[in-house]
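Per-chain residue numbering starts at 1, and chain names A, B, C and D are given in the order in which the chains are listed.
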Amino acid sequence: MAPSKLLRQVADTWQSRLGLAPAGEPAPPWATSRWFNHEGAPLQPAALRGRVVVLHAFQMLCPACVHHGLPQAQRIQAAFADDDVAVVGLHTVFEHHAAMTPVSLEAFLHENRIRLAVGVDAVAADATDPIPVTMRRYGFQGTPSLVLIDRKGRVRRHAFGAEEDLTVGAAIAVLLAEVG
Amino acid sequence: MAPSKLLRQVADTWQSRLGLAPAGEPAPPWATSRWFNHEGAPLQPAALRGRVVVLHAFQMLCPACVHHGLPQAQRIQAAFADDDVAVVGLHTVFEHHAAMTPVSLEAFLHENRIRLAVGVDAVAADATDPIPVTMRRYGFQGTPSLVLIDRKGRVRRHAFGAEEDLTVGAAIAVLLAEVG
Amino acid sequence: MAPSKLLRQVADTWQSRLGLAPAGEPAPPWATSRWFNHEGAPLQPAALRGRVVVLHAFQMLCPACVHHGLPQAQRIQAAFADDDVAVVGLHTVFEHHAAMTPVSLEAFLHENRIRLAVGVDAVAADATDPIPVTMRRYGFQGTPSLVLIDRKGRVRRHAFGAEEDLTVGAAIAVLLAEVG
Amino acid sequence: MAPSKLLRQVADTWQSRLGLAPAGEPAPPWATSRWFNHEGAPLQPAALRGRVVVLHAFQMLCPACVHHGLPQAQRIQAAFADDDVAVVGLHTVFEHHAAMTPVSLEAFLHENRIRLAVGVDAVAADATDPIPVTMRRYGFQGTPSLVLIDRKGRVRRHAFGAEEDLTVGAAIAVLLAEVG
C-alpha cells in the first residue's frame, strides 16, 4: 500500500474521532462589511490556503462567547505559529442588531484587548432577514461557532457551543499534519 | 459605659478594619435618565433608608465589571434578603459613549440574565464633559466602583476595583448590625 | 427600650438569616493528640474567648476540603486580624485512618503551605469507634465542617459542606460586632 | 519527493514546534512495585506499542499534580479512545516517603475518583537514594512530569510542570497521525 493511501486512512479515522469531516467542499467565501485588527483586502479562506484556518463566529453580547469562545480563540492564536494557523474572528450578529453595531464591537475589542482579526458579517440583502450573509452560507446554528478549515481551504469541522481545548488542539494538529 | 457608646466604639474599629468610613454625609442623590429591571419612580438612596444599599457602578464593556463586579453584585443579591440589602446597579459611562448606549445595555442585561435594578447615569449638562452626573457627584475613579450606604443613608464605603467576597460580606453585615 | 435590648433583637434576626444560632452552650473542649503550626499548650475554645473562632474540620484526602474548605480558611485568616478572629484547623479522621496519619498530614500542610494552627483530633478511647473524640462531641456529619464560636465561647454556627465566602464573611462580622 | 519523506518533514517541523523531540531511543521500562486500577501483568511501554502513551508522573501531595496535572490526565483519558491513547499514572515519590505510602495513595485515588491505571515507582536498590528507579531512568526533574511515547515506543516529549491542554492535545494528535 502506498504511503499516501495509508496516511489517508489514518487521517480518516482521526477525522471522525475528533469530529473532523472527510474533506469536502471548499469553504464558502466570507461576506464582510468591515474588519478590525486587519488592514488591506478583506480576509478570505481562499487567500489563506496552505495554513489551517480557525474561524470563531461570535456575538459580543453572547456570554458563552465572552467567557469561553473568545478566550479560547486567543489561546489558539498564542499556542500556534501565525504561518501555521490563522485565527480569524467573525462577528455574526443575528439578534439585538442595534445593540451590537461595529461601533460597539470596536470598543469591546479594545477594552478586552482582543488582537484577533475580526470581520463584521455582512447584513443580508433582504432587509427582513436577521441572519447575516456568511452565517447563512455556513449554516451556523448560533454563537459561538467554531469552523476548522484545512490547508486546502475545505471546511473540516463545524462546532456549535463550547469545545474543549484538548480536542480543539488535537483537531488543529491533525489538519496541520496533513500533506499534499 | 452605656451600651450605645460601647457599640459605637466596636463599630468604629470595624469600620476602619473593613474599610468602612465613620458615618458622614448623606449619600448624594442619583441622577439617572432611565432604569432597567425597575418600574415606577427612579430609585434614590433617600427612599431606601432603613436598608443597607450596595451600589455597583459599572460599564457594560469594562472587563473587570463583567468578570468580577457584576457576578459579585448578583451573589450579594442572592445572599441577602431584599428588605435587608438593596443591590442597585448604575451604568456610569465615561468612555466609548456611542458603544454603550441604553440600547446596548438592555441587550447586555438580557443576554447575561442580570435581574438587578440598573439605572443609567445621566449625561452631564456640559456636553464637553464625558463624566456622567452621578459619577462626578460621588467622585468615582473608574469602574467597577462599589459603594456601601448604611441604613441611615450615609456613604460608608467606597471601593474602586475588585473586592473580595469575604470582606464585602463582612462590611455589609456590620452595616446591617448597626442600630438607631 | 434600652439599646442593649434593641441590639439583641437585631442580632437575633441576623443570627437566623445567616444561619447563626441563638447563643447557647459553651463550645465543647477540643481533644487533640498533636498540633502543627502551633507551639505551647493545646489550643482550646475557652482560651480563645474574646475573639471570634473559626474552626475548620477537615480530612487531608477529602476533595471538598482540599479544593474549597482549606483555601477558604486561609482566605479568612488573611482577611481578618489575628486578634479579632482565630482560624483553627482540626484534622478529624473518620475513614482511611492508616492513610491520613500525622506524618502524612505534616507533609500535606508543608507542601500546600498551610500556616493555620491544625490540631489532630484524638482517637476514640473505644478502639472500635472510627469517629475521633472532638468530632463526636461536636456531632460533625462529615468534612468539611465549619464551626463559628462567638467571643463568649459559644457555638453559633455549624455548617457541613461548602459555604459561600459572602455569607461566611457576614456571619463572622455579626459575631465580631456583638458586645458584652 | 515521496509522500513518506514529505510527511516526515512536516512532522519534524511539528515535533519541534510542539516540543516533540525527533524519534530517538525506546522508552525505558517502568520499574513498579504495585498497580492500582490495573490487574494482571505490570504495564510496560513495550507492551503498549501501537498506541500513543501519556505517562503522568506525580506525587499525591504535590499541589500542582493535584490541581493541574491529574485533572488534565483524566481529561486526556476522557477525550481520546482507549485503543488510541493509553494514559498511565506513575507515583514517583522522591520526598516525604513516609507520608505518601501505597496505603495513602490508594485512599487518595479512591477519594478523588481517579480511575487511571497508576503504578508505584519502585524504591531504589540503594536504600540511601530517595529517587525511585523509574524516575531516575527517565531523568524526571520533579513532579508533575508528562511523557509522551509514540506508537513505536519511543519517548518524544518530556515536560516538567504545568502544560496547556491545547498544546498537549496537539502533540498527542501529531503522534497519533504518525504512520509506519
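Going forward, a residue touches a chain if its C-beta (ideal position, glycine included) is under 8 Å from a C-beta of that chain, and two chains touch if they have at least 3 such contacts.
Source: prediction; values computed, not measured.
**Student:** Compared with chain A, which chain's mean CA position is the farthest off?
**Tutor:** For chain A, the chain whose C-alpha mean is farthest off is C.
**Student:** If you fit chain A onto chain D using only Cα atoms, how far does it have to rotate, to the nearest 5°?
**Tutor:** 180
**Student:** Over half shared numbers or under half: where do the identical copies chain C and chain D land at their interface, same or different?
**Tutor:** same
**Student:** Just curious, how far off is chain D from chain A if you go by their C-alpha centres, in Å?
**Tutor:** So the centroids are 33 Å from each other.
**Student:** How big is the gap, in whole Å, between where the Cα atoms of chain C centre and where those of chain D centre?
**Tutor:** 40
**Student:** So the centre of each chain is just the mean of its C-alpha atoms; given that, what is the distance between chain A and chain C in Å?
**Tutor:** Roughly 51 Å separates the two chain centres.
**Student:** Which positions in chain B are in touch with at least two other chains?
**Tutor:** If we look for residues of chain B contacting two or more partner chains, we find none.
**Student:** Hey, which residues of chain D end up touching chain C in the complex?
**Tutor:** Answer in residue numbers: 61-63, 66-67, 96, 98-100, 103-104, 106-108, 110-112.
**Student:** Given the complex with chain A, which residues does chain D contribute to the contact?
**Tutor:** Listed in rising order, the residues are 2-4, 6-7, 10-11, 14, 17-18, 75-76, 79-81, 84, 164-174, 176-177, 179-180.
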